[in-house]
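Here come two complexes built around subunit A, the first alongside subunit B, the second alongside subunit C.
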Partner chain A sequence: MKSKQRLGQRRTLFIFLMLLPSMLLPLIFTYYPLIKGGVMAFQNYTLMNIKNVSWVGFQNFKDILFNTAGVDFGQIAWNTVKWVLISLTLQFTLGFALSLMLKKKFAGAGVYQGLVFFPYAVSGFLIGIMWRWMFNGSNGVINDLLMNLGLIDVNVGWLAQKETALVSCVIANVWYGIPFFTIMITAALRGVAPELYEAADMDGANKIQQFFNVTVPSIKSVLLMTVLMRVIWIFNFPDLIYSMTSGGPANSSQIITSYMMTLVYSMDYGKASAVGLLVIAFLAIFCLIYMAVTNYTSED
Partner chain B sequence: MKKFLAILLAIAMLATLFAGCGAKEEEKVTVTMVESLTSPERTATIQSIIDKYEAANPNVHIELISPPLENADAKISQMLMNGEADIVEVRDQTVSQYVNNEWLEDLDPYIADWEDLDTLSGDSWTCMHQLNGKCWLIPSGFYQRCLYYREDVLAEAGVAVPTTWQELLEASQALTDAGSNFYGYSFRGGTSGYQYADTVIWSYIGVDILADPNAGYYLKDGNGATIFTLPETKEALEYHKELFKASPTDSVAWAFSEMVEGFIGGTTAFLIQDAEVIANCQVDMEEGTWNTAPFPIGPAGEAVFPNGFGGWGMAAACENKEAAADFLMFLSNPENNTLYAANHAMVPIHTNASEYSDAFAKGYFACYSEMAAEPEVYRHATQPQMYVAFATYKTEVDAMYQKYLLDEITVDELLKWLDDFWVQAYADEGQLW
Partner chain C sequence: MANNLNTRKAKQKTLTALKFVVLFIYLVVVMFPFFWMLTTSLKPSNEINGPVDYIPNNPTFENYINMLFKGNFAKYMLNSLIASTFAAVVATFCGILAGYVISRFNFMMKTPVYLFFMITQMIPSFIMLAPLYSMLSKAGMTNSLWTLALLYANMTIPFSVVTMSGFYAGVSNSIEEAAWIDGCGYVRALFSVIVPLLLPGIAATAIFAFMNSWNELFMAVMFVDMDKFKTITVGLNSLILKYNIKWGEMAAGTVLALVPTMVLFAFAQKYMIEGLTAGSVKG
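Let's look at the complex of A and B:
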C-alpha cells in the first residue's frame, strides 16, 4: 500500500517537473514583466535616476491623460483610431481580393503567392526605413513617379506635412499587412466544399450571391478571428511610425504605442508603463465589445 | 591494493588542486570594455590600441564588447546596473544618467600621476569634471560643428562664404530655387532639431550671460530664471524660422541622415554638422565642389555650439580598477588619442596632437584650427543635461518646435512653454550646476 502511495507521489512529482518549464517560462517572460510594468506605472521610475524611485499614485496617468506631459493625448488617441481603422479596412479588402484571385489555380501561382507573402517576412523597422526614403520629399521615388506621371508639379514633403504624414504611414502599413489577410483567408477558402458552390450554381445564384451566401458564411469564423487579431496587432505596431516619422511632425502621426516607445527611449519607464496599462485596458474593452457585437463564441 | 589505489588517487587530486592554484596565480586580469558608437572602422582602431597594450602588458586582457549602435547605450546601462562592465563609453548624452545612478568611479585619484595630464586641453578638463567637480571620464575626442558649403554653387552665384548667421540666411535665401528643387540650407527640424535652435539662441545672447556653459538654459544669478525670457532669444527663434523657410519644406522632419543626404545629394547649399560628415562628403562628392568653414557668428559676436564628446569611464563596480585605469591612460595618451581622433574626424584631447599628426591643420579640417585660434569667439555651451527633467524635455521639445515652424503656435507660446518647463525643473530639482 505504502509503495503504491510512494509511486503515486513520484508520478505526480514527475508530471510536475515535466510541466515546470512550461509554467516557468510564461511566468518569467510574460507575467513578471507585466506585473513589474504594472508596478512601475505608479512610480516615478526613470533610468535617469533609479536611485530615487518612489510611489507617485496616479500621477503618471494624470500627466498622460490630461496633457500635463506636454502631449495632447486626445490627438494621439484619435490618430490611433484612424491608424487602426483605415489600415484594417484596406488590408482586409485588398487581402480578401488577393485571396479570391489565389483561390483559382493558374500558371505561376506559387511564384505569385510567394511575391504576395514577401512583405510579411520583412521586419517592420526595415520596411519603415524603406518607405521613409521612398516618401522623402526631396529625393524620394514616389515624388519622382508622380512628377513623371504629371500628377504633381513640385515635390511634396509627404512625411513633413501634418495632412500627409499619417496617411503615408498607413499606406506603408497597408502594403505590409495585406499578406496576413491573404494567407489566412486563402487557407480558409480552400476549406470551403466545392459542392456548396455547385449547389448554389444549380439554384441559379450568380457570383456575387455566391460570395455573400456561400463564401462569407463558410469562412465567417476565420474572418472574425483574423480581424480581431489584426486590430490588436495594428494597434500594437508602432515600428513603422517610429522609423518613418517618429510620430511627427508636431505629433501629427503619433499613435499611442509609438508615444510609448518615445517615452521608453527617453528612459521614463514610469509613464511608458502607464501608457502600456492604458493600451491593455483599451484592447480588453474593445475585445469585449467586438465579441458581443459579432456574437463571437469559442465554438466559432 | 584498494588502499594503494585510493592513496594514489588522493595524491593525484591534490596535485591537480595545487596545479589549479598555480594557474590561478598566473591568470590574466580581464578588463571588460564596452563601446557605444560602434562602427567596424572604429572598433578596428580601438582593437589596434588594445593589441599594443596587451603586448606590453601580457598579464592584462582587454575584452572589447561592441553592441550594435542602435541599442548600445541601453546595453551599457544594463551592464552597469548588473556590474558586468569595467570600462564603458560615456557620451555627453549619457554621462548624467550614469553619474546620477552612481555607476561610475571618480577617476581623479587614478590619474593624479598621469604623465600626460599637462597636455590635456582646457575643453578636455572641463568635460572631465563637468558634473559635481569629479572626473567621471577621459574624453576620446570632441564632435565640433562647422559649416559645410557648396563651393561650386557659391562661385557660380557669386555668393561669398557666410561668416555670420545673418550672412548665412541671406546667402540661403539668394540660392533657394524651389522650382528646381534647390534650397539654401539643410535645416534640421526632426529628432534633436532643438539643438540647432539652441546654437542660434546662444550665438544671439553669448555665453557670458549663462549661469554655466553646461546649464545653458539658465541665466547667471537668475535664481532659476531662463534665457527664454530674453528679447534676443525671441529674435533668435524668429531668425530660426526664416532659415527654415530657405530650406526644403520637408526639412521640418529631417534628422541627421536626411540633412546630410540633402547636402551631399545636391538639394542644399549649406549644412551645419560635425566633422564626421567630412568622410561622407569625401566619398560621395567631387573635390572642389564643397568645402568647410568656421561655425557662423551671431549678433553677440560669438559662435556658440555644444562641444559634443565621447569618452571612457570606469564602472564603480569594476573589480580591477588599477588595471582599468592604467589602460585608460594608455588609450588616452597623446599618440593613441591622436591616432583615434584623426581616424574618426574628432578634435583630439591633447594640445600637442599636432606633434603626432598634421591631419588637423590642413584641408577640410583647417576650419577647426581657425576656430581653436579664437577661443573668445568660438565658444561652447550645452543644455542642462544634469536635470532628470531633460529626459522628458527631449521627448517633447521637437514637437513644440515643429508646431512653431508649421505656424500652429506663435513664438511667444513656444517661449512660454520653454520657460515654464525649465522654471519647473529648477523648482523641482534645484540648482545642479
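Let's look at the complex of A and C:
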C-alpha cells in the first residue's frame, strides 16, 4: 500500500517535471505579456511618456473606433473583411480543386507535391518582397506579362494606386495559401473509404452527385476545421501586407493587424494593445459563433 | 455497349490529359515568382531597371557579392542560424518531454495543460510585441541574440509539444511497458526505447521549429537594432524600408534567405506534411 502511494507520488513528480520546461517560457514570454498588454490597453502608454503612464479607461478604444486617432477604422475593418473573405474563398476553392486532381497518385506525384507545396514553408515577409517586385509599376514582370497578352496598354502601378493595392495583396495571399488547403484536403480525400464510391457507382450516381453526397460529407470535419484555422490565420497575417504595401497608399490596403503593427512601430503601446485586445475578443466571438453555426466539435 | 464503353474510355483519357495540363500550369504559376527572384538576383543593375528580360543577358554574381561581403549579410545569416538552431533544439527537447506525458499519461490537469499550449499556438506573437518590449527593455534584454533565441524557443514550443504528442500516439503502449517491466525508469524507457523509434518525426519537428524561427520578422525587428545582432529578416527589412530599393540586391538577399528553407523542406517535406495532417484526419 505504502509503496503504491510512493509510486503514485513518483509518477506525479515525473509528469510535473516533464511539463515544466515547456510551460516555463510561455508563462514568462506569452502569458505574462498577454496580461500586461490587457492592462496597457487601458493606459496612455507610449514610449514618449513612459515616466507618467496613467489610467485612461476606454479612451484608447474610443480613439480607435471613433477615428479620433486620425485613421478611418471603418475602412480598415472593411478592408479586413475583404482581405479575409476573398483570400479564403479563392484559397479554399482552388486548393480543393487541386486536391481532387492529386487524390489519385500518379508517377512523379511526390516530386510534384514537394514543388507546389513549397510556398507553405516560406515566410509571408519574403513572399511579400517577391510579389512587391513582380507588381512593381515601372519594371514589374506582371505588367510585362499582361502587356504581352494584350490585356493592358500602359504600365499599371498596382501597389501605388488605392484601387489596386489591396487586390494585389489578396492575389499574392491566394497564391501563398493554396498549398495549406491542398495538403490538408488531399490527406482527407485519400482517407475516404473506396467502398463508399463503389456503392455510389452501383447506385448509378454520377461524379457530381458522388462529390456532393460522398466526398463532401466524408471530409466535412476536416473542411470545417481548416476553414476555421485559416480564417484566424489570414486575419492575423499582416506580414505579407507589411512587406508589399505597408498598408498604403492612404491605408487602402491596411487591415486591422497591420494597423496594429504601425501603432507598435510608432511606439503608441496603449493603442496597439487596445487593438490587440479587440482582435482577440473578435476572434474568440467568431470561433464561438462558427462552432455553433456549423455544429462543429472536435469529436465530429 | 462496346461502343459506349469506348467513348467512356476516350472521355476518361481526355479528362486525364486535361488534368495534367492544369497541374502543369499550376506548377508554372507556383514556380514563377521564385524563378523571377533568381533571374533578378543574377542581373546587373542596368538590366534590372531596363525593359523586362526573362533570362539575364550578362549574368553576374555582383549582387550576391555586394550582399555577403560588402554588406553584412554573412553575419546576419550566421545570427539567424544561431538563434534558430537554439530555438529548434530547445523546442524539440521540450516537445519530446511534454508531448510524451500528454499523449501517454492520464492526470488531473491534462485538459487545462493541453489548452495552455493550444491557446499560445492560436495567439500570434505580434499581439504581444508592445508589452514584451516594455518588459524586455526594463530587464535590459534587448539587443541580444540570446533574447531572440529564447523568444523563438517560446514561439515554437507549443507547436512542437502538440505535434510530438501526435507522433507518440502512433507508437504502441506495449513497447515502453515491456521496458518498465524490465526495470527501466520512465525516463530511460522514453529515451532508450521510444525516442529512437520517433527519430523522423523528431527531426521534422526540429526542422519546422527551425524554419519558423528563421522566417520570423516582427520580434527581430523590434528587439534588435544593433547591426551585429541583426538576423537575415532584419537585414532584408532595412533594405525594403529604403526609399530607393535596390532590387538586384534585394533579390539576392531573398534567394539567400530561401536556400536553407528549400534544402530543409526537400529533406523533411514528407514528415512535416504527416505531422500537419495527422491530427486533423484522425479528428
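Convention: the second predicted complex is superposed on the first by the 276 of 300 C-alpha atoms of A that agree within 3 Å, B and C clash if a C-alpha of one lies under 4 Å from a C-alpha of the other, contacts with A are read in each partner's own complex, and residues count from 1 in each chain.
By our rule, a residue touches a chain if its C-beta (ideal position, glycine included) is under 8 Å from a C-beta of that chain, and two chains touch if they have at least 3 such contacts.
Just so it is clear, the structure is predicted and the values come from calculations on it, not from any experiment.
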item: Fit or clash between subunit C and subunit B when superposed on subunit A; value: clash
item: Touching partner for A:Thr245 - first (subunit B), second (subunit C), both, neither; value: first
item: Partner chain in contact with A:Gln43 - subunit B first, subunit C second, else both or neither; value: neither
item: Partner chain in contact with A:Asn79 - subunit B first, subunit C second, else both or neither; value: neither
item: First (subunit B), second (subunit C), both or neither touched by A:Asn139; value: both
item: First, second, both or neither for A:Gln91, with subunit B first and subunit C second; value: neither
item: Touched partner set for A:Ser168, first subunit B, second subunit C, both or neither; value: neither
item: Partner with the higher number of touched subunit A residues, subunit C or subunit B; value: C
item: Partner chain in contact with A:Val116 - subunit B first, subunit C second, else both or neither; value: second
item: Contacts of A:Leu126 with subunit B and subunit C, given as first, second, both or neither; value: second
item: Partner chain in contact with A:Ser266 - subunit B first, subunit C second, else both or neither; value: first
item: Stretch of subunit C penetrating subunit B in the combined three-chain arrangement, among 218-226, 254-262 or 272-280; value: 218-226
item: Shared subunit A contacts, counted only where both subunit B and subunit C touch the same residue; value: 50, 136, 139
item: Footprint of subunit C on subunit A - complex, ascending; value: 11-12, 14-15, 18-19, 21-23, 25-26, 28-34, 36-37, 40, 45, 50, 98, 101-102, 110, 112-119, 121-123, 125-127, 129-134, 136, 139-141, 143-144, 175, 183-184, 187-188, 191, 221-222, 225-226, 232, 236, 238-239, 242-243, 257, 260-261, 264, 269, 272-273, 276, 279-280, 283, 298-300
item: Contact footprint of subunit A on subunit B as seen in their complex; value: 77, 81, 96-97, 100-102, 178-179, 181, 189-191, 248-255, 258, 261-262, 265, 267, 388, 390-392, 394-396, 398-400, 402-403, 406, 408, 417, 421
item: Subunit A-facing residues of subunit C, complex; value: 19, 22-23, 26-27, 29-31, 33-34, 36-37, 40, 48-52, 93-95, 97-98, 100-102, 105, 107, 113, 116-117, 120, 122-124, 126-135, 150-151, 153-154, 157-158, 161, 186-187, 211, 214-218, 222, 233, 236-237, 240, 247, 250-251, 254, 257-258, 261-262, 264-266, 269-270, 272-273, 276-277, 280-281, 283
item: Residue ranges of subunit A in contact with subunit B within the complex; value: 46-51, 69-71, 136-139, 154-155, 157-162, 165, 245-251, 254, 262-263, 265-268
